[in-house]
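There are two complexes below, and they share subunit A, which is joined by subunit B in the first and by subunit C in the second.
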Partner chain A sequence: MDMSESLSTRDGKKLTKPAFYAGLMIILSLLPLFISQGYMLHILTLTFIYIIAAVSLRTITISGQFPLAHAAFMGMGAYLSGMASKWLGWSPWLTIPLAALMTAGIGMLIGYPFARLRALYYAMVSLFFGIGVTQAIYAGGIWTGGYGGLIGISPLLPPTTSKVPYYYLSLGLAMVSIIALYRFEFCRIGTTLKAVAQSHLAASSVGINEAWYRILAMGVGCFFVGLAGAAYAHYNLVISGTSFNFMATLWLVMYVLIGGIGHFAGPIIGTFILILIPEFFRDLKTYSPFIYAGTLIIVVYLMPQGLAGLPQMVRSWFTEHRKDKRTVHAA
Partner chain B sequence: MLLEINGLTKYFGGLFAVRQFDMQINEGEIVGLIGPNGAGKTTTFNLITGVLRSNSGTITFAGKDITGKKPHEIAKLGIARTFQLNPLFGDFTVLENISASFHLYPRSSLLDIYFNTATYRLNEASILEQSLEILKLIGLDKMKDELSKNLAHGHQKMLGIGRALAVKPKLLLLDEPLGGMNPDEIDFTIRAIRKTQQKGVTILLVEHNMRIMDFCEKVIVINFGKKIAEGLPEEVRENKEVIRAYLGGEKVA
Partner chain C sequence: MEQLVPTLTNILVLSSMYILVALGFVLLFNVAGILNFAHGVIYMLGGYIGFAFSVVCGLNQWLALLLTVIVIASFGVFLERFCFRPFAGDFNRTVTICIAIIVILETGVNIIGGTKILTFPAFVEGILRIGHVSVSHERIVTFAIGAALLGIIIWFINRTKWGQQMQAISQDIEAAALQGINVHRISAFASALGCGLAAIAGCLMGAYIGLSPFMGDFMLVKVLIVAILAGVGSIGGVFFAGLVLGAIDAILPLFISGAASSAIAVAIVIVILLIRPQGLFGHEMEM
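Then we have the complex of A and B:
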């Protein structure tokens, strides 16, 4: 997959199709009126939370880093917030932002040694860091609930609340996070991150402190994934290490890759499709790893730009054809 | 004295790339650093710009000891460079390559950038203007919207120089700026380099192309990491040791 293709600054402008997004927002806001099934609302709520996680992973990848520990950071947010609410009795409305901030801090601390690593070494070190976090959760005894998971987390809203307010809360949180990360990517900060990703040698030669920018990307990415994790904890009320293990990281990576690494919308589309489609084929669950692997191979070979790149692929295919015709005329 | 190097030494394993190297460059000069392949020219550049750390010796720039500083800190002090292999921001357009390189002056704070304040917008407008100026100087203004990875080799080399100019350097290090260029491009590049020098930028360049020596005020010749000659171009050209280094023979008639 041509990763560098993703790193141009121009993709963003195509995203600003206000009408399309307004329409999408209206549909999403009205959806609870038509869906009576609590289960479907639950899945959508989770989807919104995972979208935050996937988009925040993208923010780190544009700096040329591809950490294999993103779910571990999500787990940090979830456990920090869950434990603070359970053991200290603090309100989730306070512990969620605090947990996100702490995850960002840990992400930046970890990002410091990470910033010196490249390619395979980066992948290996981040992978083992993620595994270490999961192990720490399991080893946490009564504090983290160990293998049994952490139970008794305070709910965000009174216990009798239906799924609908949670749906709107997670939708709102996802919107705010997406807008915040969109701005981050499409201002000079994002451009600098993309410059670092394309050539750290060239970037540092013009005075860019490339290590600091990689650390910054880690901090911002980890803040939002910590936020997603914390929101998840106070929605689900039970969390366990298996939700944040290496497999969970791989899912996030899949959302980003299949959605399309070249587009800001990639991880959003990828998360939507990869979470929702399997819901309609629940009987095939046993085979899902094979289906995902197959999908990934197809995407890599046929659509290196991912699902988000599909419209552009079709468009360029058409213009190529038109161009051919024109050159024939000109000749 | 703008740049002063004393006893600079760098070895890789048991192999000396640069050995007890001394060099002085005055402000406003244009100095050529030449030598056969593997003589240590690029290593010297990498040591000056902090890409490599020396084993011993000192590098002083504008009165400041810059030995062991990191590349981005050295850029900030006013030393810019191009690379022999010329890495670019390939997926950026020509214009974006330059504007992204305006990282230091003017510089907006992260918060200014993120919240799109008046300061940031003002800085960006000034960066755009200056970027277009640079593109005109390096002759790429008509291709500003091309992806830089799609440019011809000579144009990519020019873009590398343009990126270095965005640092607003006091000292510009050019690593084989004419490498792989055709005669027209060579003429154009030499003119652009001279124009840059006339604006008060001191230039140190590595080049195999002997044409560039003619307008150097001083030429330093190194071989096996050691300086073997220094002087005016014509003096160096007559120097027996230099001839021996290049031709490898013992006696040149």
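Then we have the complex of A and C:
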């Protein structure tokens, strides 16, 4: 599959990049001072949680696997943490990391038999696995709440009406996860994963244990998506299987593809755009999905590399343009 | 024992519908290499357009079915030309455009038709009784139409010029083009054929279990299971895989209720695929 092509990094100017990120961080951390509506902060909090999920999905795809069960793993983290806090009475501060670790463990256990599947078959079998997980959640009776969803999950913080603490917590969690996943992608293991993705035969021939690296990528991706799911459960306090079904997985895939799968920043941009754009048109109510679909169509027809590839596209367009002019003058 | 006949008819009806929809999906995949995630909503759209023709416009049922097939088949040609052909070979962008189509059609049908389950009028009334066993005519007709269409499709693919051109393209697209086969025309035709079959299945299933805007998501999952279980590139395998899935879906709910049976059905499929990673009749392929 050509999903993990063009993963090369471009060396930007030495100081502009850190300055840009620092500015972005300052804006994001000062945002609650300017936004008084609780609803907008709620949307931003959810956006940060989904950013973790989308970035971790992309981390798995750099190993050449395209799992279509990512929302199911998010649901696994959410339900494990929610059930542990509800039925065992454990503190959410303990259950969130535990649920993330267990999701990673399940992901690696699943990854072991799935490592013999490739490309399309891998994507499809993981899709069926995700459907099985949602059906199992529905079938869980009183333990998972069945079709009605799990209610009565203990909140992360003592009850407050303010959304601001949750905003900062999710922002911090997203920052830590993004930095961790960035380090993972550009360390030796990440490079090995890209080698496996480009040619598993060539990678095996130089002594890389392909199956183990694919399982490892699965474990890392599932850890962070489980973390996101658990955080979602203790923020939202009500979870149901419909938030983690097959269509939810496809939304996560959309966040990654619209942002641009070839760039690390892709899923972050994609999640922001695809969650916030329909929010701006919330007054249209039932018609707002059309805005969403319109965004997808515009990006898919005009930006083959996704939104993150836009600067490069514009730059190459300008250089082409200038070259044309020069040839005209020379003639 | 008295459950035997209803279960058997259920297996036959469900299998023939799964095969009918999956066949269109597999044809398009083989010929044009397109993983059409929007196939489920096209099936749903077929049901709703058939409903619009027969109930809202008050046309004859069979005429409505024919008109629906024509409309959806032309929609299939449109999809192939403007949504799939520009992104041939690019999996990511094809998936994205399919999601856009799913969102547009589901939201549109939701707004126009409402979220309530609509019941399509039965194509034929009455119940067939043999001894103390009774089967409704509806099921017999559904199965008969499905089986007849499948027979026609097999004949078409193996015996006619266009069908053989389709097979040639699915074997090697460049060699087929060099032999003078118009690849674009054949893939447009495959798309029209697949969408038409999905529309018929949508109308028949609408009469069998009712119409809802989200029936497409359910069918898409079934279609993907059938296509992958059969193995990519295999058309004959679709029949076997459809029968297997129809049997699993009709028999398991007798023993286990509700969601647990779907979870086990999916688990069975995953185990089969882990044992035979290339599907039952397929070959390994790289994308």
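As a working rule, the second predicted complex is superposed on the first by the 289 of 331 C-alpha atoms of A that agree within 3 Å, B and C clash if a C-alpha of one lies under 4 Å from a C-alpha of the other, contacts with A are read in each partner's own complex, and residues count from 1 in each chain.
Methods note: contacts are C-beta pairs under 8 Å (C-beta built on N, C-alpha and C of every residue); 3 or more make two chains touch, one makes a residue touch a chain.
Predicted model, so just to flag it, every value in this text is computed and none were measured.
Number of subunit A residues touched is higher for C, counting subunit B against subunit C. Touch criterion met: A:Phe128 reaches subunit C, while subunit B stays clear of it. Of the two partner chains placed by superposition, only subunit B is touched by A:Ala195; subunit C is not. When the shared chain is aligned, subunit C comes close enough to touch A:Ile258, but subunit B does not. Residue contacts after overlaying the shared chain place A:Ser205 against subunit B, while subunit C stays out of touching range. Contacts of A:Leu120 after superposition on the shared chain: subunit C is touched, whereas subunit B is not. By the touch criterion defined above, A:Phe184 lies against subunit B but remains apart from subunit C after alignment on the C-alpha atoms of chain A. Under the contact criterion defined above, no residue of subunit A touches both subunit B in one complex and subunit C in the other. By the touch criterion stated above, subunit A contacts subunit C in their complex at residues 1-3, 113-114, 116-121, 124-125, 127-129, 131-132, 135-136, 138-139, 146-147, 246-247, 250, 253-254, 257-258, 261, 286-287, 289-290, 292-293, 296-297, 299-301, 304. Against subunit B, in their complex, subunit A makes its touches with residues 4-5, 7-10, 183-184, 187-189, 191-192, 194-195, 198-199, 201-210, 216. Residues 35, 37, 86-87, 90-93, 95-97, 99-101, 103-104, 106-107, 110-111, 217, 221, 224-225, 228, 232, 258-260, 262-263, 266-267, 269-270, 273-274, 277-279, 284-287 of subunit C touch subunit A in their complex. Contacts from subunit B toward subunit A in the complex involve residues 49, 51, 70-72, 75-76, 80-81, 83, 87-93, 96, 100-104, 108, 110, 113-114, 116, 120, 124, 147, 163-164, 166-167.
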